[in-house]
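Following this line, the structures themselves.
Common to both upcoming complexes is subunit A, partnered first by subunit B, then by subunit C.
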Partner chain A sequence: MLTRLLTGILLLCAAAQAADGGEGRAIHVKYDSCRHGFGDETVTVNMFLINANGDTTTRRVKTLILERKESFDYSLIQFMDPPDVRGAGLLTYQNPRGEDQQWLYLPELRRVKVISSQNKSGSFMGSEFAYEDITGNSLDKFEYRKIGEADLEGMPCHLIEKKPLFTSGYVRVKEWIDKEKCLLRRAEMIDRKGSLLKVELDEDWRLYGNTWKSDRLTMINLQTGKKTVLVFSDRKHRVGLKEGDFTQPSMQRVRF
Partner chain B sequence: MDSSKTPFARRFGRFVLRYRWLVIAVNALLLAWIFSAMGRRVEVYQAHVAYMRQLRDNPLAVDPAHKTPPPLFNGDYHIWFDKKDPLLADNDRFEKIFAKEDILIVAATSKSGEIFTNANLAALRALTDSLWSVPYVSRVDGLANFNYTYSQGDDLRVEDFLTGIPYTPAALSEKRATALSDSVVSKFFVSKDAAVTQIMLRVIAPPDFPEAHAEARARAEALLASVGAASPDLEYKLGGTVMLNTAFSEFAERDSKKLVPFMFLFIIAVLAFLLRSFWATAIPVGILFTSILFPICLFVGAFGFSLTNVNVTSMQILVSVAIADSVHMLTIFFQQLRAGHSREEAVIATVEKNLVPCFVTWFNTAVGFYTLIWQGIPPFADLGLFAGTGTLYAFLATIATLPALLSFIPWKVKPAKAGTDSKGLPQWPIALVDWVDAHKKAICYSSLGLTLASIALIFVIRVDNNSVHYFGKHTSFRKSAEYIDARISGTMPFEYGFSAGEANGIYSPAFLKKVERFQTYLASHPDYHFTHVTSIVDVVKRLNQTMHGGDPGFYRIPDRDSVTAEGDTLLARNLIAQYLLLYTLSLPQGMDLTNQISLDNGRLRVTAFQTNLNSSRQLEIAKEIDAWIRAEMPETEARSLGAPLIFANLMGIAIPGMILNLIGDFAIITLILLVTFRSFKSGIVSLIPNVWPIFIVYGIMGLSQYMVNLSVTLVGIITLGIAVDDTVHFMLHYNALVRAGEPRKSAIVKTLQEEGTAIIFTSLILIAGFSVLMLSEFAINVDLGMWCTSVWALALLAEFILLPATLLYFDKPAPGTPAPLAQLNTAKAAAAQTAH
Partner chain C sequence: MGALLRWARAPWPGPACLCLIRLRMIRLCMIFPCLFPFAASPAAAMEGTGFDFRGSLESRFRVFPQDALDPDQGSGQHAYGIEAELNLGLPHGLEARAHPRLRLDGNRIRQNPLVMDDFYLGQFIEGLQWRAGYQVFSWKVVESYSQADVLNQTDRRLDLLDPDKLAEPAAFLRLDLPAWLGEALEAYSLPYFTPGPLPRSESRYSPVTGTPFTLVSDADSATYDSPSGRWEPQWALRHLWRPGSFDVAFFWFHGYRRFPVFAPHPAAPGTLVPRYLRVEQGGMTFQGTLGNWILKGEGSWQGFTGDVRGPTGSPVDPYGSFTTGFEYTFYAPIAADQDVVTLVEWIGDTDSGKDPIDLEGFRPFQNDLFMGLRYVFNGLSDATATGGVFWDYREGDALYKLELRRRFFTHLSCSAGYNGVMLGSDTGRFQFLDRSSNLFADLKAYW
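Entry: the complex of A and B
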């Protein structure tokens, strides 16, 4: 109810400035709202990195997320596989209005290091996903415009174009959000030279409680022919994570 | 009219005259067909370029029905190699494991000698950001966006090297000091005096689409002129493989646009001067023009071949082939007209007299070219096919279309000039042959001595096939390449793929130490001219230092396992793996480690950047390094690879192939001459003026220690066919006279009187035409022009001095058969009769 009210207010505010009467942003607000509100989450992610020749390497990480007010979320990624990096962790305090805070723990060094990086366009763990594809999705970091409608495999979709308002690797992203459930099905990233760089496919949408989550994300780099598939499993919500689970000492505990 | 007694050549001449319309129509149709095929081919390729542009912006817009045509011009170095070449196969495997990318280097120089000013840094920052918009670029790396990782207390900071411009004066000098001391920045991005910096663009072009490089370069140049011009203190130069690949097509195009027309103008001027007739110039020029275009339009237009730097030289080669026979035809035609024959009769007689010599010369030349098909270097095989087929067309056009056209022109023949006898024959050969006769022994033996000395000198010829040296010293491409070499970093990458023997083996400290030892070995040899050697070993050492608070004592591979206070064992191997994980976590867009280590983490790449050296030196160095690896660490399976070495190696493939080719050519041509002259002695004697100049020129190459390039392998083949042409005309004439009973000496005089003018004409035209090539900016063409003109100049000398001397010295008549003058007159009368 609160969400709906908020949506309405935002819609009114945006209507005055956006070219599409704020419709694009409103759709995005709706999409955002149905993905959030899970409180906290633990999930295992299997990463399949596939090169242009079709050779595959796999990595497995465990991810812990704590939802906080206004998207100031905490997340902790811990490596499970390959064995030589097992236990390495990356802790992120997301800041939708500024720079995220990040800490890295290397078990073989027994030391936690603060990493401050402005680089959001870089690869996420050597995959075709960029950091901004995974974490940079705060609503206010983009400008939205509905550019039309299209069918995607029989699903009627809104076509939304979003333009990043921060230093990004993309000039714009085109999104297919289905009309029925208001979930992102496909996105196309246009790079700084105006060429289509990547296609993202969000599949296996599942309802966990009242939160929708995609359990299979595919990113295809059309310029290099490389591909990354993320498969999510053991997804659990409301497991009772607290802020105390996202501290530097907590990084040194292995949770799997 | 036709009877079995009439010689075939005469019947053919009559045929040409009677069916002249048919001859011209068939030729015109053939040309119309190939020209339209060429037009279609260009259209198809333009459609492909448009399709690829569309695909570049939207790779999803794949049309499954679209077929990729071969490029119109292919500058890719892969074309030089037989697909089965083992070095190329190794290199392709290497590129498959790591990455196949081309590099475009932007070198920025500060005119005032100081990069670190706010204006310069701001311009570099803006330029680096804007260069991301260059087509096909996957990554832009420069001082501005260098992923600078450093430790600050216990924090690890990763940021762009240049952020927050403008700086205060203090911050500027701090940046400068950091840049000059940082192990990576000082290696790649700033010169020691902080006057030069470079921005490197990685370009991934779709296969078989060389236009991608041209597009990338054009956009980069436009950005330098707009964004880069923000700081007037900066001056830009471009380098790298993108420039090399575009330079090939650029220079081939410039040559064919500038030099070929110039060569034609020259030839037209010479023909016009010598023959002083509009039609006598226009007709052979028309034949020449269609002859050089014929094979290109046929093979590229109708059969889908690609143009290359080598096969476009078929144009220059065919000029020389086609013109010789045309000049022989016209000379005889005018002699006939001057002798008072009708135009029709002159046409028939011209065909009759030229059919056999033209056929023999055509056959010799074509055989020479066609044997290139089996030479083993694909571009030379194409050249052989183009030039051989062009020769065939030129023969048919010269022997049929040319006389058919001549028969339509109302010729006005000028009276015989002074200095000639009543039949229009020149008098100078009499004095010349007298002089030669007096010195024949000295001429023969000194020539023999020179030949032997030259053969010895061939073994000290110095060869070079460095692709940068293909371009003239004064060209901007070469200057930029040498500038970047001298100021920033070597532009010739030697590549090594080190195998650790197992998946994830690259994390082993022992393995990394091996690679480090190899890098130290390369860097400790100043005579190898590597400006720097890089691999992920540097990354591991640097991160080890950064993770230890920047302590320089930790700039090393972590190699000791340790035990913590709690008693846990810390493995150096895992630490290395975790450093590399950290590294991949902080890599910027477009960068990953797949161009440094294999996907299974079992192999890593070492790149050593060398300055421009001669290719023979490159091969020596590679050999030494490979021997060192075999002795010290054979289990790593590494060997020297990379485009410069593949080019260098090409010379080693090309020269033996070319020598075999030349020997084969000599053998086939000798055989043809033997059959033509039906005399062993004539066959052997006629080889002398052909072989002699080639040997002498190769001897000069050895003596002068001139660094010869790939053109050297073409010189023999191109010149041989042409030199033989003149000898064939000479010997056929001479033999006919001797058989008719003319004494040797007077037969030589008469041969020179009747054929000498044509021989001088063709030689002068060829020398003039090919010397135009020396104005080219492409070293292969320059050298080709220089060596070919030298051979022909010497061949001319041989034709007029050495050949007569040899004939006078060795071709002695059987004793007791002096040729009476009366007999000669009878022979002449007989010859005159057959002419009517």
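Entry: the complex of A and C
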């Protein structure tokens, strides 16, 4: 009985995967390849947090990323503003097939603290972006399906539905990927209750060498009315970062 | 006035000592850059260059609602501080940092005209890091009472349980290791010992409150177990490795224990002076994740160099101590943008249950549980409400803290709360903290 049940589930999964002939994943592979291959990157991010009343506060971080084999990438986010958290750092060793490892540096205590990366739905720096929106986008962590095509502001787009294969705050994400450049333009996140939770807008795409990067990301929470806008500036690729720049002591260095 | 000036200088060596320290530091600073190659990549080398400055202005208030045990101990404390952090990044991974702090204490309990929290030169290159100068280190991985964070002296004039750290003159070297040998090896050389400032008669607590003794807490009157006195060479080694999702470190420390014992003054009966014991201390720390759980712990073995006896004359044997526990976070249990962090830690040592009179001196936590709860509001102000309690399950004593903290207008942070003391008996170890419960409010402006 159990064997039959398992076989049935496997067949259903295979059918779902094959429903679009793997086209959804293929589009995502192409989108992923457009954004990667930069080697290493430093970028300053201004984060505008806007509440439902329109009150705005600004945060600023500097991000360092090192691409590694098979997407086992390293990233270091150093907080620059507000000033009371300045110098704090978040180091992430991405694991595309398992749990990321993360450490938080607290400058006031000079301590490096291990933090759990298991819950990816937690808010990133009090913003509308969850940790999984920032760091959890490895290709193999989702199942993809092309569900149709649609125009977005006159731009023909593939409509892709992706389902997380890890414990996520979303049950599925609907994406608009433009047909011409194969870049993500819009995403809608559906929460565990099946309601539309957030809308992400990826704008100001620019070509840096051979790599496309969005320099403006907006996340709107439709349930709370809050919004966060990330504006990227001073983006540099191939600055010569090494694995040694992504260690616990390196979190204690002040980035200029 | 002279005594005040000595107190003001207490955490710092005198001018002659400073010259010697400077000479040693200058030598170290000259030697280290010559020993190691510069960063390989010019682009990466330039990435860390620049100058960064930040500072803060702070005021602290404390009110003690209960009458003091001693008439010298006032019912309120207020202090004002200004600090600056200056970081200079130079090519080839060289860096210099200064962190001076000026504090004016309304009650003159902790009058430190100028303290340097950091003042060092260092270099950070692939596989290697070094620093020389005044530095603050941290080996702590637990949230409550650390058994491993032994390198820096602390200032206990205002707080026994969570005292501010003082910088140590030190040379530090870290070598990244090949994977099969672990992660890194760290070496620390501490050429000069700084005696720790102890509570004054105006402080709201004192180790001799309620006893017939007088404590001479002047740093110059401290005694040392080594004939080299403050110049006893001290060193430490730490080996770090990362099995799976855990960070593990083994350490060894040779030097003076930072917290003194209080010994009778040879020439003044009824008077106690601080005595610093030489120790060999080894141990390990770990922190890691198991799903949503964060597990952490510190263990330490401490042996004394020389003959150390308790007040009854019985010899004090080496002992082990530990703090271990877990942290678990409930994400959005009530509202979508609010998290709850829970924490439990167990603190103990191998002499738990022994009569304190058979120990070498005061050991604050021997059989305690620490339980904490933090409610985090992930909003614009990053507000948090924190509560924590140390509970001695043998004596029944409890020390607790409640705190609210939030940011205003981006550059202003405010915290307020209550430090409470509940004594389970008249003979407990924390008797000297009786009536030191207090309300506090701290305001800090950053730029």
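We adopt the following convention: the second predicted complex is superposed on the first by the 238 of 256 C-alpha atoms of A that agree within 3 Å, B and C clash if a C-alpha of one lies under 4 Å from a C-alpha of the other, contacts with A are read in each partner's own complex, and residues count from 1 in each chain.
Going forward, a contact is a pair of C-beta atoms (placed from the backbone, for glycine too) under 8 Å apart; a residue touches a chain by one contact, two chains touch by 3 or more.
In this text, all values refer to a predicted model and were calculated from it rather than measured experimentally.
Peer 1: What does the overlay on subunit A give for subunit B and subunit C, a clash or a fit?
Peer 2: clash
Peer 1: First (subunit B), second (subunit C), both or neither: which does A:S250 touch?
Peer 2: Second partner only.
Peer 1: Per the contact definition in the header, classify A:D84: touching subunit B only (first), subunit C only (second), both, or neither.
Peer 2: both
Peer 1: Which holds for A:F166: it touches subunit B only (first), subunit C only (second), both, or neither?
Peer 2: After superposition on chain A, A:F166 lies in contact with neither partner.
Peer 1: Thinking of the overlay built on chain A, is A:T224 touched by subunit B (first), by subunit C (second), by both, or by neither?
Peer 2: Both partners, subunit B and subunit C.
Peer 1: For A:N51, select first, second, both or neither according to whether it touches subunit B, subunit C, the two together, or no partner.
Peer 2: both
Peer 1: Under the stated touch criterion, which partner chain does A:L241 make contact with: subunit B (first), subunit C (second), both, or neither?
Peer 2: The second partner, subunit C, only.
Peer 1: Please work out whether A:I115 is in contact with subunit B alone, subunit C alone, both, or neither, and reply first, second, both or neither.
Peer 2: both
Peer 1: Of the listed stretches 560-568, 668-676 or 740-748, mark the one in subunit B with C-alpha atoms clashing against subunit C.
Peer 2: Among 560-568, 668-676 or 740-748, the clash with subunit C belongs to 560-568.
Peer 1: Touching subunit B in one complex and subunit C in the other: list those residues of subunit A.
Peer 2: In subunit A, positions 49, 51, 55, 57, 82, 84-85, 109-111, 113-119, 121-123, 126, 223-224 sit in both the subunit B and subunit C interfaces.
Peer 1: Flag every residue of subunit B that touches subunit A in the complex, lowest number first.
Peer 2: 56-60, 96, 132-135, 137-138, 147, 154-160, 163, 204, 504, 507, 547, 564, 570-575, 577-579, 581-582, 584-589, 591-594, 599-600
Peer 1: Which residues of subunit A touch subunit C in the complex?
Peer 2: 42, 49, 51, 55, 57-58, 81-86, 99, 101, 109-111, 113-119, 121-123, 126, 223-224, 238-242, 244-245, 247-250, 253-256
Peer 1: Within the complex, which stretch of subunit A touches subunit B?
Peer 2: 49, 51, 53, 55, 57, 79, 82, 84-85, 88, 90, 104, 106-111, 113-119, 121-123, 125-126, 130, 169, 188, 191-196, 199, 222-224, 226
Peer 1: Could you please specify the touching residues of subunit C with respect to subunit A in the complex?
Peer 2: 41-45, 47-52, 54, 56, 87, 89, 95, 97, 124-127, 129, 136-138, 140-141, 174, 176, 184, 245, 247, 287-289, 291-294, 296, 329, 331-332, 336-337, 339, 378-380, 382, 407, 410-411, 413, 444, 446-447
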